[in-house]
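Once you scroll down, you'll see the structures, which are given as structure tokens.
What follows is a pair of complexes built around chain A, which joins chain B in one and chain C in the other.
And now, the complex of A and B:
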């Protein structure tokens, strides 16, 4: 850069607004949206959560302090719903990571028709949640569903079975639907990580006598571990707040068997008309998610880029 | 260890044990591939078959996988048929609403988010790093924590059941996502480029528009596509905000198919296929951009 250009750049940088003001102007529109739709509602939710607001009893909304929170944290229903959410989270995340890693490894092999697998793998992820949930609800249908038809025709099942209306199995069926949709995402992210592993490292290890499995465990896995961890936390966060796929497939039933904590909060507010307790529940869930988010951002900050 | 010349490697046949092992490995991998393809494609196939099968065929036992009667009647009824019933009217209105809402959200979030992303990537100001994290936190906030106050606020402003309410709500979580991902893209562009533009007399805004935006075009496309898919897919906010065809989006309209006259799974499948078409086509055609965006958005930071 010539001296003249440098001088002009310095002038451009110095003029006429300080950088902080420019930044403020650039960020202001985004900040306004967040203020209106997130910050103000969050404040209002905090306010609501310390009152006893019942829609069946308008006009009588006494201040109750932290009672809504204490009631929930000591209620069996709340902890049962939390346990179900944890079950859904642990099982679906574990399956998605396991299958996702297997799929990513498969996708990195030099196989014929590999292009086809790589081209279609994204499709389940792209299917809207509503369509995915209804599709599986149809497949799992007790009387006309494809699952019953397939299993009986293969001789694996003697008579048609109830899936979604069976409280022992319903959660597993929801997990199947979620795993089917989200495993491709995990596979795509892990595949990208695998692509960035230097192939020479593996070849050197193989030449030195390491088996394929050893090379994977000692070299590949440590190198992709940061991404695995990030995906793990990300999926955990998404799974714990799960609402739509369950709501559409089972509505939280049968007999609350699939009522996760977000479903429980929704039902408390909109079916129990109890907005005070609902708001408190929303805050409790948000707190859990924010802790996970902090872990996630920390992992990103340490390993990202 | 010095490696033998390539020619030697090529001409020496590996010993039988090695060949058997290689064959077994290939068989295992191809078997895995077939399983993966079947598991991914079979549900789609069944959805497509259900969407064109006559209701009689879907209710047959034992089920025949290839229906005896195939018709596109339900596709026609839901989209262009001249005597639409309530379901069809609702579906058409919802398709329009979803298109308008998702497009507007994408446009608004891209403009507002890219502006902020530029500031975070290029400008130095106090509180920059925590402000980025604050935006990111709002993106991750579970909707369940916000639906009650938003429901009340939108009701009292008489904005419930309007597309506008959904547009502003969706923008509130799509914008932070855009900021997050675009900041990364802009940081990866050399600052010399916008410095050069500024020497030539561009303002900050001019540099962003004339230099950064063209260079970051692939990133912008990735981000915009993901933004559109997020808005297209949203369910919970739509469930509490929408009431009538004036604002119902596709997920809600399709969910409404349930229960009106029992569950007509054929109709659900047809509606589902139509609703899935835009996102599935986008993902398929723009796969490279979607994958790049997903990686940048979730594991790169």
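And now, the complex of A and C:
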């Protein structure tokens, strides 16, 4: 018997409680909290999703089976909102990744005021989303917003433009606000990944005649790819269920042009008081996010191998 | 109309007077509450247009002075959160509030959901006869009353008299045709880029303007007695076409599609619009030197008419409803009646008009702005209502999107409204 096993046996003999009981006692408080705030609400939502529950029709809540799910999956409004959410997700995540990588590379360079650069880059991410959204609503205001003033003074605009009230532009303005806020997070994560790349590998490649771009594509990018994929998983899941920044900037308008699937679910449940359909929508959104995450994780597994 | 300074001063005097009268009445036994023990009432108000927090506090202080065993805990939320807070609290939540401020479009839904109490038999006779009919309409459903009228409001026509004069227009327009003519003249002279501004964001605000316009352009009818859509023909369709034309002609600020009523005030106050529809409180805000570049230049008249209809106004009335969850409905009703009394309503007329007909005949009350009171008296006599149906919120949300879709040019007005008409059976579920 090894020394470790003897010590464990001695401890077990000294304690009146089996080791697994002690472990269970330590885990119990956290498990209880998770049960109360995650498992029970999830179960309750699943239960609600198969009933026709309306807050303004109390006492009349018939069982409808999968009708709520079928109605949503065959609804044009649902698919339109899903398409908007996907557009927001793809464009904002791509821009955040591109700008984030550029900033991370900049932060990796031996510059004189590097500490200052890193501090100001992180600033937008440090702002609460509500502050960021309100700030951009002001910037984009057609009458007194800074964007119109700036573009007019630069001679790029001849007259003030309506940004948030135009259904062709509003989504782009929301994406700009989201990219401005979330790019620093991406930059910090990629910067951390870049720090782990052995600089000697790059130097050897350069000595062998590789250009800077080739060294980046063939050596740096493959080495930081696991982190890139993690960033993609995180941002895709966050972006697909975006709510707060859009709700504050446009409320889903004009003419539903910025109504993403999370806003559609909120309006169904909390403005239409249709809690049955709202719960079904919540599960559909969760399912879509799980599928997206599974795809990314599979890619991540391949990259890891 | 009094300036804000004199308004506040007179308000303080009136509060003091009311409190004195109330205490005296209480001492004589007339104001004593019938309840034996102490009672706490929770009331939910709106923090936006009409009466301010200070107004409600002044009225409440006078009430509690007369009823020392009753404590009132008021809470305020923005209009956009008011409906949701009431429903979630009363149906899905703790049922905290005894009294809630109920908009004209909610009684049907609240009655169906079992939120509010029928008070038809408990209303004093002088309230029934003394208050404008339109204010009662805002508290009624299927011939019964579920609230004590408290706010009687509609949208008036505000105009910058200097801008109109600079464009050679000497009298405010009384028809929408005249509004268009005036707007074209203002734009042609380069006085402002967009002479008109509206609260046309994707919210109830755009429905209010659309309804008001429909009222003079063929009638504001939404659904018939059988539940069939009527909003896609007649006045509703004509009003939407008119709104679209204003945008197409560059007369209406296109940013209006994202503007609330507060944004309308700000735009007029910044001197960037010459004419606008807005609620009563707009007059005080647009003429407040602290927040308006054009203070003193903004005047108000009744909403313009069209053809044979002289004017119309959307019914923006709100009432104080007693909730079914209230454990003190008698005290809650007493408080509501106090807030709605003629004396309370006449305390401050800078942000909201009294809903008592007699107030409009009192020179002491109307002397602050006789022309505005005269316009209001005419408009209050014939307000147009939005439909009082249990599915109103869903219908309104669908119409907001349809109207904005048409205004953005993504569908014709006919297509946009017909699409909602096709969805109506689903909305009625």
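As a convention for this text, the second predicted complex is superposed on the first by the 272 of 305 C-alpha atoms of A that agree within 3 Å, B and C clash if a C-alpha of one lies under 4 Å from a C-alpha of the other, contacts with A are read in each partner's own complex, and residues count from 1 in each chain.
By our rule, a residue touches a chain if its C-beta (ideal position, glycine included) is under 8 Å from a C-beta of that chain, and two chains touch if they have at least 3 such contacts.
Just so it is clear, the model here is predicted, and its values are computed rather than measured.
In the superposed model, A:289 lies in contact with chain B only, and not with chain C. Contacts of A:254 after superposition on the shared chain: chain C is touched, whereas chain B is not.
Shared-chain residue A:30: touches chain B; no touch with chain C.
After overlaying the two complexes on the shared chain, residue contacts for A:270 are found with chain B and with chain C alike.
Using the contact criterion defined above for the overlaid structures, shared-chain residue A:55 touches chain C, although it does not reach chain B. In the superposition on chain A, A:138 makes contact with chain B only, while chain C stays out of contact range. Of the two partner chains placed around the shared chain by superposition, neither chain B nor chain C is touched by A:100. In the superposed model, A:279 lies in contact with chain B only, and not with chain C.
In the superposed three-chain model, the partner touching more residues of chain A is B, compared with the other of chain B and chain C. In the superposition on chain A, the residues of chain A contacting both chain B and chain C are 141, 143-144, 270.
Across the complex, chain A meets chain C through its residues 55-58, 141-144, 159-160, 162, 164-167, 250-257, 267, 270-273.
Interface residues of chain B, counted against chain A in their complex, comprise 1, 3, 29-30, 32-33, 36-37, 39-41, 43-44, 46-47, 50, 58-63, 65, 111-113, 115-116, 118-120, 123-126, 128, 131, 133, 135-138, 140-150, 152-153, 168-169, 171-172, 175-176, 179, 195, 198-199, 201, 204, 229, 232-233, 235-236, 239-240, 250-251, 254-255, 258, 265, 268-269, 272-273, 275-276, 279-280, 282-284, 287, 290-291, 294-295, 298-301. Interface residues of chain A, counted against chain B in their complex, comprise 1, 5, 8-9, 12-13, 19-20, 22-24, 26-27, 29-31, 33-34, 36-38, 40-42, 44-45, 48, 102-103, 106, 109, 111, 113-114, 116-117, 119-131, 134-136, 138-139, 141, 143-144, 146, 149, 152-153, 180, 184-185, 188-189, 192-193, 207, 227, 230-231, 234, 237, 241, 243-244, 247-248, 262, 265-266, 269-270, 275, 278-279, 281-283, 285-286, 289-290, 293, 296-297, 300-301, 304-305. Here chain C touches chain A in the complex through residues 84, 87-88, 91-92, 109, 112-114, 193, 201-203, 253-259, 266-267, 270, 272, 390, 393-394, 397, 400-401, 404-405, 407-408, 410, going by the rule given at the top.
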